[in-house]
């Protein structure tokens, strides 16, 4: 029996899963990310350093801020610019607000339909998804309205500092070109305060979904810091205790081409598959979460080192709470001042690692003395997850090999979605 | 009074005149008067407004607009049905100097939808035929499917002399709607350019006034032709088309080198607009 | 009946002149705040902007020029809601009344005062624009004669400055006399409102005033001779200056038109709500430099960039038949704010050369 | 009344347009309930990619030849087809690649080129007729709104077509090009963003693409006078407009 899911829906970008079952056994499984490659690393060469954030933000329509911050940090390292604490905090606000927004999109629009038949809203022509349902008792409109409230409040945060929530413009190498007035900041704080309840409801809603029982064998990786729940800066840590400095990334991680996929896959040299993203972050640095997020996690009985990738969704919901509360605190402490410094160009190279919504994101640049990019290297969360995802898919198929074809392929799709891959990013 | 605030008009009836061209018979509450050559801003909420000439004289709070669907506003209006409402404001502009030409010979020359603003002049002349001298209408359309008011021509022909032409005749489909059948696909008139028809008519230049409406480039050639025939510049009147947003000389779109087509026109005597920059006359 | 304020012309008011210490004048200004919104030039970074004032202390009366003229910001508006439609079974039409706050604009330079008088001709002519009309009536204009000539000013060549000559259509005129203002009352309501005594102005002060004007007049760097320009333009419709300026320099960005204090053109736009039930109709400034401006079905009367540039420049310098006056007030804004510095006075000179 | 059938198609891009459409903020309920969303891969499983559609929205640059075939089929099946976003309209960011010698970008990214089938990136209207352009990166809310409301009411949409400068002035911003000497692309860029960058104290980088008949060379000359190098100028005009007639005129002048 050959099964092919040609175009996995409700993920960002284009990818397919193909597998072949012979005599009740899985013979072969391939995750093919067939979205056409876009060659960012190619055409970034020859561009000027200050254009890079604007260009790389177009790698992804969900996590533009992550690509911007990562590239900005890498370039600032290359030219030896050290941003002030205020600028760092502001970048953290940007990243957190975007992580929350991305998780919201993922949970409500991409994941929920699997459990919930949200699809029905969109068309008469399409049959609803097969039922894996629990919950969703007619409260659909309620949920969409909640999503809109949440989304609007966090997008407003990204927008007042960045100019717009998608592909912001005020965040540049050297800081922020403009900062909003006290009044405007007061308004977004109010907005965030008003969605606290909605955030907790989201955690409850997500915790009630009926997740397939499954465990993967993979190493969880994220960045950590002793000061905070690291998002934009930190050292690499894994669930098996490894700690690596950001600058040593390349000696530990290796990117390789996959013959049947346009996306590359990244592994930890000599160690095998890794998983990055919300679940990994929670597994590794649960202790650094905002107390309210911890409370929310405890309320639903979330356990550290959950090995079920489907629970990534719960981890995301907990991070939503963390992001909102932490943003409020950072915004409360925000002081008006100088947020932009002119950066002097010089020859150099620099790299940076951040936590994008979907996990660890790496950018590395070499600049010549005119500030022109000579080499660019970008490793996305989806590349980090690629191998783990493929392995998990194999394991999932083997464990459910007796299920009917439809159900099996849907299960696979759901697993893919739980990893929250971004195919557009992966073929940057 | 806020000139930009429109009135509601009800579509009492719609006649299909030609391809993409419909005549809307409108009625409004309250008194309303307009002279031939003036126009309304016609529109609908959410779509906008377009300047449209009166294609009939106003009678019992009723008047007509004949509109060709070419863009956003006119395309939308084309989809409206009998009894729907639309918005109008007006009348605006300077019309044809009909009273000024009483007792004189009149040449009415139109091309395409340009016949719409000429029709109320015809109606006025026919109503008081004895007040005017010789009256001829020269009308050219792209083809017989594009010719307007064909079913009224027999009636008009009783009072004024008609010279009709099309650039080309389309045989298919047969044009039964035109009334009289016959050869040339049902077309019993001329084939060729309007300007060619000029050669066929005989006029007394000193006593003749011409009212012309059509594409500007056509009007250019007609005016040149009429000048050659000896009519004075000041006896030629043309109606110009420009983009308009307000109709009251505020929005500036229709400016034609110091003139506002909406307020100073749309009807101009030829010597007022001849040779102005950005114009074709 | 006074065309502007609608008052019946009673006995003529006294066009008095007085010398008032600046301090006293500003105190008086602040006292108006209870009843009026005060608007005046305020320094913002390296620029000056006409803004609402909280106190006369914010005023920067020594300013040279602003990007937007006060008339186009506070009497005519760059953007303004006109109507709201609701569409259910019936179409309902609601007028959006203009906000008719009483306001005082302080420090309006002669060019900008003249520009307001020009806008009056358009919006208070045969058809009155009710939105403009209400604001115009509710605005007290306190003009200010210039003390400096900036790089692109040429008001002296077109009779619009640097000292204001118009006698009516505004309320007060200030001339800077170091620590005092020479204040001239130009309307009845100003006479009623300005109850400050002040020192009487005699012949010596008037002489001083005209000396100040003379010394300014000699410092203009930009000039233009508008004599016979109308005819000359008409004779040179296809002068090459249009073509090469348009192609080599004009960006069709419309900045010139937007900052011009006498450019009045607007576009009307409808915006439908997503539930399709309400429509907002508003207008905003439009520009003849824009490619769509003269587009109609089947053609565009100013398809060529050169034709659009010519329309703008000639509407400012020529086409005087339209309102009987020049379209330019010599403020030089279109030169200053044109990214490539296209200069209408230079264009005119090119044409005059031939 | 039947709801208009809508299809959303994605080619090479960041999918930001689809997100902008989905999360049209307050309008989302109206926009998703007023349309019959027949195909939108990021919103739903399955769906019918074959049409017919009353309105098709196409995002992304065309970078592989199979996309062209698909595009032509979509066109045949659609009453109205709008290109949405700078990638689909002007080639956008992916078209920067066409400023490099052939295969150079490819070689920098992949060792094994045997599986790469990229063609030169082009806008959607290089292959099919497009009924309208919902410009921006991401698309401006005003034009997106105009497009959707127009389809629902059956009128021709009126998209913004003037320069960013007009919006900038309507907002009352001080011009960053003239006053602060920043190399702003606003004068040649199509409006729709609300003059976002100048409002945030920085120069426009033309993410909405060139406005119709923009005079690129004239602005390039101005930049040159401001001290920008040829390379700087080429970069300004190729970030979002490498595949457009308006900006290619600049590139051709300044490349030797």
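Remarks
Think of it as A, B, C and D in the order they're written, each chain with its own count starting at 1.
As a convention for this text, a contact is a pair of C-beta atoms (placed from the backbone, for glycine too) under 8 Å apart; a residue touches a chain by one contact, two chains touch by 3 or more.
It should be emphasised that the depicted structure is a prediction, and the values quoted were computed from it without experimental measurement.
Chain centres were defined as the mean of their Cα atoms; on that basis the chain farthest from subunit C turns out to be A. Highest inter-chain contact count (C-beta pairs) belongs to A-D. Note on chain placement: the centre of subunit A and the centre of subunit C lie 53 Å apart, centres being C-alpha means.
If you average the CA atoms of subunit C and of subunit D, the two centres end up 38 Å from each other. The distance from the centre of subunit A to the centre of subunit D, with each centre set as the mean of the Cα atoms, comes to 25 Å. Separation between the centroids of subunit B and subunit D, computed from CA atoms only, is 42 Å.
Of all residues in subunit B, those touching 2 or more other chains are 46-48, 71, listed in ascending order.
Within subunit C, contacts with two or more other chains are made by residues 269, 271-272, 276. For subunit A, the set of residues that touch two or more other chains is empty. Of all possible chain pairs, those that touch are A-D, B-C, B-D, C-D. If you check the complex, the residues on subunit D that touch subunit C are 27, 30-31, 34, 145-146, 148-149, 152-153, 158, 161-163, 165-166, 169-170, 172, 174-175, 177-179, 184, 186-188, 211-215, 218-219, 221-222. Only residues 82-83, 85, 87, 90-91, 93, 95, 122-123, 125-130, 237, 264-272, 276, 279, 281, 283, 286, 288, 293-298, 301-302, 307, 310-311, 314-315, 318-322 of subunit C touch subunit B when the two sit together in their complex. Against subunit D, the residues of subunit B that register as touching in their complex are 46-48, 71-72, 75-76, 79. Against subunit C, the residues of subunit B that register as touching in their complex are 1-6, 8, 45-49, 70-71, 85, 87, 215, 241-243, 245-246, 248-253, 255-260, 263, 277-279.
The part of subunit C that touches subunit D in the complex is made up of residues 44-47, 49, 67-68, 73, 78-79, 247-255, 258-259, 269, 271-276, 284-285, 287, 290-292, 305, 336-340.
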